[in-house]
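We call the chains A, B, C, D and E, going by the order they appear; numbering starts again at 1 in every chain.
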Amino acid sequence: SSSDEGGSGELTPVTLQLQWFTQAQFAGYFAAVDQGFYEDVGLDVTILEGGVDIVPATVLDSGAADFAISWVPRGLVPREEGLNITNIAQVFQRSATLQVSFADQGINTPADLAGRTVGNWGFGNEFELLAGLRAAGLDPNVDVVLVQQQFDMLALISGDIDAAQAMIYNEYAQVLETINPDTGELYQPEDLSIIDWNDFGTAMLQDAIWADADKLDSDAAYREMAVKFVEASLRGWAFCRDEFEKCAAIVLAAGPTLGESHQRWQLNEINNLIWPSAGGVGVMDKALWDQTVSVATSEQILKSAPTDGAFRTDIVEEAIANLKAAGIDVVGNGWSPKTIELRAGGE
Amino acid sequence: MIAKALHGFGPAGVVGAGSLAFWELSLLLIRPDGFVLPPPSAILVALFENFDEIWVATRSTGYIVITGLIGGVVLGVAWALLISRFRLANETLTPLAISLNAIPIIALAPIFNAWFGLLSPVSNQAIVVILVFFPVFINTTKGLTDVGATELELMRSYAASSWQIARTVRIPNALPYFFTSLKIASSLAVIGAIVAEYFGGRQDALGPFIVQNAGLTRYTEAWAAVLAGSAMGILLYLLSGVLERVSMPWRPASETMGSWDP
Amino acid sequence: MTRDEVARTVRALKRREAVTKGGRRVVVLLVFLVLLALAYTGYKAFGESIDDAQTGWPVIGMVLPRTNDLTMPPMSDIVAEFAKPPQRNSDKPLAMFILEASLFTLREAALGFVFGVILGLGIAILLLRSTWIERGVTPYLVASQTVPLVAIAPIIVIWGSTSMGWLPFEWTKWMSVSLIATFLTFFPVAMNGIKGLQSADPAAMELMRSYAATRRQTLIRLQLPASVPYLFAAFKIAATAAIVGAIVGEISGGVKGGLGRLILDFASRYTTGPPRLYATVIGAAILGIIAVGMVAAVEHVVLSERREEPLAL
Amino acid sequence: MTDAPRCAVAITDVSKVFNPGRANEVHALDAISLRIDEGAFVSLIGPSGCGKSTLLRLIGALTHPTGGGVRVNDKSADQARLDRDYGMAFQTSGLFKWRSVTENIELPLQLMGWSKAARRERAVEMLELVKLEEFANHYPREMSGGMRQRVAIARALSFRPSLLLMDEPFGALDEMSREHMQTELLEIWKKTGKTIVFVTHSIPEAVFLSQRVIVMSPRPGRITADINVDLGERVFETREAPAFFEKITEVREALRSEEGSA
Amino acid sequence: MTDAPRCAVAITDVSKVFNPGRANEVHALDAISLRIDEGAFVSLIGPSGCGKSTLLRLIGALTHPTGGGVRVNDKSADQARLDRDYGMAFQTSGLFKWRSVTENIELPLQLMGWSKAARRERAVEMLELVKLEEFANHYPREMSGGMRQRVAIARALSFRPSLLLMDEPFGALDEMSREHMQTELLEIWKKTGKTIVFVTHSIPEAVFLSQRVIVMSPRPGRITADINVDLGERVFETREAPAFFEKITEVREALRSEEGSA
């Protein structure tokens, strides 16, 4: 491994742009910082928090960050707009996007959404929904009322919308952290029904590590940095799988705005999105890539299929080789999800 | 301002054309890949390509803007008429309104969504109404009360009733103040509606369109919608100016200026 | 008593009068806030009673706010929320969070305000040069204010973090937010500034010419002082605008630490604690009022030498 | 010129204190007694702040005496105001800038509920009286200071009050237009036979216009002299007659005897 | 009073056209020739709009003639302005309300780069001259109109220009304060020996103050009479002397011969 290299020498400063606020979704990177994995490979990593309007791809392209975490569609569209960026490690292997409704509404499949008011956040989060609706034979512009949703679940709970978009690791949990006025207790999973796009063939790839494609080709030092960065990051994710409680504590210490039980729930679900990674963590699942691309092009999110170089596996493979050499489990077949109890307000 | 703009289209045209050319050329020459601030030509192309969608969005945002503007203006003027009749109320409530005007009203957007529901246009209209209310109320009250002592004394010498004084002196006197505030309110209304939409509502509106496209780095499309929003603001502004000229034929064109202290 | 002493006494009296007047306004404001809280509680009780009676009054929730605890948390909860720690890993009460965030936002707003004043005055002075420039530029200044902030905020943040490397100090994100605030603050300053600069008495302008004063001397000795009342009217608007700009900038620019972000955070987990959002919005309201109050106080000190009443708004 | 024995204005031992008992208490008038015959032209003169305007406003019941009584046309001053017994004109013409000349003249008639046709007829008549027929539809800003004062006089006379109260109506005019307006006013007075109470700073103006010059002194305002002016019919040459200059000197001396320093 | 043969102001065949060739063209002055001796006190009188102010502004090089030449102290008018050869005072005192009396008087000195100490010294001297020592630290708003004019005169004299240009400086004062100020001005003139060009509307003022009264007529502005006034030392009684009234009549006649209607 290359871990002894930078030990005493200068650390290379590296900036990482997240796609969203500090939370367990990015636990692996926070853990790698906290545990000194980046330092071990000679990197000094600064993590930039994301925001509603922060587009990681643009930050990356502008040079304000060296690497960025972004969903695949949200990386591919800017790429088509002329940003030469590339996916160097596909961390999440599954989609986490749900369409949540109250069980009594009887919305269990995309077809059930016909004639309903359907919330979504936009920002590229809506593609799976739109494709899912079409796959179910519905025209999104006619058969449903699409609603710009806030990043909370009030609209669903108040009955303004019938089905709300939710990430299984975040907004879905928020509903379960809210008191049901009818019972005086928290809402229970039985109260809700969900549409999981992984089950309907329109799931798209989400969190991946992106880098500047031109620089990778022209700048050997940058490429080397990318390998080290991916290696240490994946090591962080392995750590979060194996040391669940420690990792959850690291996330909490990083100052998320949501509470402990919420972060633990989230970390558990995130682990579930990553592990097991049959081809090794971070390696692209070609079938899912193709599904993502086909949804994106058929939805006209992309004008055409991405050109070659939209993702590359050489870097992640080098990184995995290093990790394997260091004796780290990069597949995670032993992983199984925990049962997390949510408390009111996520506390 | 407006009268000036209408009178001397020359300078405005030259400055506009000049800066557009500079914008286009500098992007062409210096940053060919500059897409965060796309060249005007690309924005125009995007506007035509997405015309249907932007038109629908402009209409639904326009509905919020106009209903909110009307609501805010009616409320502001009604309050001003009411308050200016009572000296004590006027002396305490006007400074109060000035203080409350300092509240960043857009912060209320998420609360209004909770109050009225995500889908109800009222949540967005309420933001626009409140944004519009304050300048209209404050300016109109000022216009209604800033009447010359001579004029009031004259009316008293005619033993005029307070309603007669209101109709023949206070209201005409308040018109220029009112129109100044209307011009301010018209651009506030557009900004208010778009920011409110940002916090949720129907998706076929300008706010979501801009944010969504910007979020996908489709800046040309975003700017095309920004252009539509700006056009709406300018149109309302010009309309206020026309209304001002029509309702105050006694004023020389040069006096119809917009500023916050008539 | 000499005339000087008389004048001094009169001035002291006036100052005292102004202080009591200012104090009275604060009291009126507080009374109003209490009334508002009472109205809120009363309306909520009224709405809930109707809910309880299951009359299904359609007005509520359509043009009147819904009244359940999720949409309108009880006033007592909102007040109590200030003392509760919003984060589990620290004992810091929400009030402290809001205070810190307010200071952060205030810093952004203050810098944006200063930028805006400089830029606005600069533009006003430029426009003063010729009516041709004034006519050519003013329509675009007006147009600029109709550009939705949400659209330009992220652009400014990106631009700020990439193009400011040449500065001798490190450009941080909150400074970009200040630039967003500047976008809203420069306008009133520029518009009132030009009006104020032009308000200099033509006779006084002629007087300066008779002294063969330079353009600069005329600007500094006559036009700028003459524009001060107009500028203060603009500053009060700009102070509010700076805070609005800072909040919107934080929200859409993804900048952490301020009120805007706090509002967004609490809004995005609203269902898990509605009072938090209310408390934060109240904090933002207080910040706005304090900012304008500070400008008004400065205005009072500066303009007390002069005859005119300060211009309202 | 007038032989009517009736008394238009009777002021008996009037005093006026502003803000009594407060720090800014002002004894504006003290022990004023004055009778003005119907049809008379009386001028009030005195240094600034001596209470001329206050006295005029007491006659018009626009303010009330602290002590003593004011009767106008054998009624209380207030009743006279309600009966519209007097018209008023001020230094600043007090025309409403949003009303045309005709509309300004019609204002009091409108307040009294006259029909449109009747109003128009009277306005035309008044415009003739002040020789402004051509300017019927102009707005005040389009007219010179002297013309505006003529409109103000026409307005004050439009409802034919028996008494005309004028507070430095020509104060803002230059000396030449002023002399011109004086001649016009005398002509109107002769034609209409009104009682006129005229406040002025100018000694020649007071002497030229009136039959009686009331000289006042300040702090507190008192009447210090009541000078009869008998110069016969005023013609252009009156201003160059030795008798005119003598009266001027007499008024000046009366003023001076009360004056300290400026 | 002055025997200096030197010529302070020499105006030769000057004409002034505003907005030449445009619809709003105004022939303000035509064929004006005038020589003013050093140390003289000359008044310009004429109806409103006859070009008095324009002529004064030509002398001060605040505007430039369309034809003819203006020389001041044997230099071009512009050079004289740059050399600060003259001081100016207007109808409205034009004091800066944000400056105390002393600071107002110091303004021209400050612009000329004088040291603070020197400025203060001169200001004290000037305050003595106009008898306002006690008011050094007052602000304009705390002073009466007459006092403000005295400050304005002090300011105009502070840098000891040889020429004083005054445009209706006492126009806004009431007649009594005006007479007082006239006496003061004459005293200052005697003490300092400046050349004074004085614009006024008032015939008695022109006659009382000056050695020469220049009468002007309007449209286009022309000099129609140049009347020498030789009343000797002006004292209080001068105003009541027959010679004074005769001169007034002479000036009035000169004015009238040129006047049509107001």
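Note that contacts are C-beta pairs under 8 Å (C-beta built on N, C-alpha and C of every residue); 3 or more make two chains touch, one makes a residue touch a chain.
Predicted model, so just to flag it, every value in this text is computed and none were measured.
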> Counting one step per pair of touching chains, how few steps separate subunit B from subunit E?
Replying inline: 2
> From subunit C, how many touching-chain steps at minimum until you land on subunit E?
Replying inline: 1
> Taking contacts as defined above, which has more of them, B-C or B-D?
Replying inline: B-C
> Looking at C-alpha means, what's the farthest chain from subunit A?
Replying inline: D
>> How many angstrom lie between the centres of subunit D and subunit E, each centre taken as the mean Cα position?
In response: 33
> If you average the CA atoms of subunit B and of subunit D, how many Å lie between those two points?
Replying inline: 48
>> Please tell me the distance, in whole Å, between the geometric centres of subunit A and subunit E computed from their C-alpha atoms.
In response: 83
> In whole angstrom, how far does the Cα centroid of subunit A sit from the Cα centroid of subunit B?
Replying inline: 41
>> Where in subunit A do residues touch at least two different other chains?
In response: 52-53, 55, 58, 150, 154, 158
> Among the residues of subunit B, which are close enough to touch at least two other chains?
Replying inline: 36, 110, 114, 117, 120, 199, 207, 211, 214, 219
>> Quick check on subunit C: which residues sit in contact with 2+ other chains?
In response: 66, 70-71, 150, 154, 158, 251-252, 267, 270
> Which chain pairs here would you call touching?
Replying inline: A-B, A-C, B-C, B-D, C-E, D-E
>> Residue numbers of subunit E touching subunit C in their complex, please.
In response: 57, 60, 62, 81-82, 84, 86-88, 90-92, 94, 96-98, 107-108, 110-112, 134-135, 137-142, 165
>> Quick check on the complex: what are the subunit E residues that touch subunit D?
In response: 47-48, 146, 174-177, 180-181, 201-204, 239-240, 242, 245, 249, 252, 255, 259, 261-262
> Contact residues on subunit A for subunit B in the complex?
Replying inline: 52-53, 55, 57-58, 74, 77-78, 81-83, 117, 119-120, 122-124, 145-150, 154-155, 158, 160-161
> Within the complex, which stretch of subunit C touches subunit E?
Replying inline: 2-4, 7, 201, 203-204, 206-213, 217, 221-222, 225, 228, 305-307
> Which residues of subunit B touch subunit C in their complex?
Replying inline: 1, 4-5, 7-8, 10-12, 14-16, 19, 36-37, 92, 94-96, 98-108, 110-111, 114-117, 120, 122, 135, 138-139, 142, 187, 190-191, 194-195, 198-199, 206-207, 210-211, 214, 219, 222-223, 225-226, 229-230, 232-234, 237, 257-261
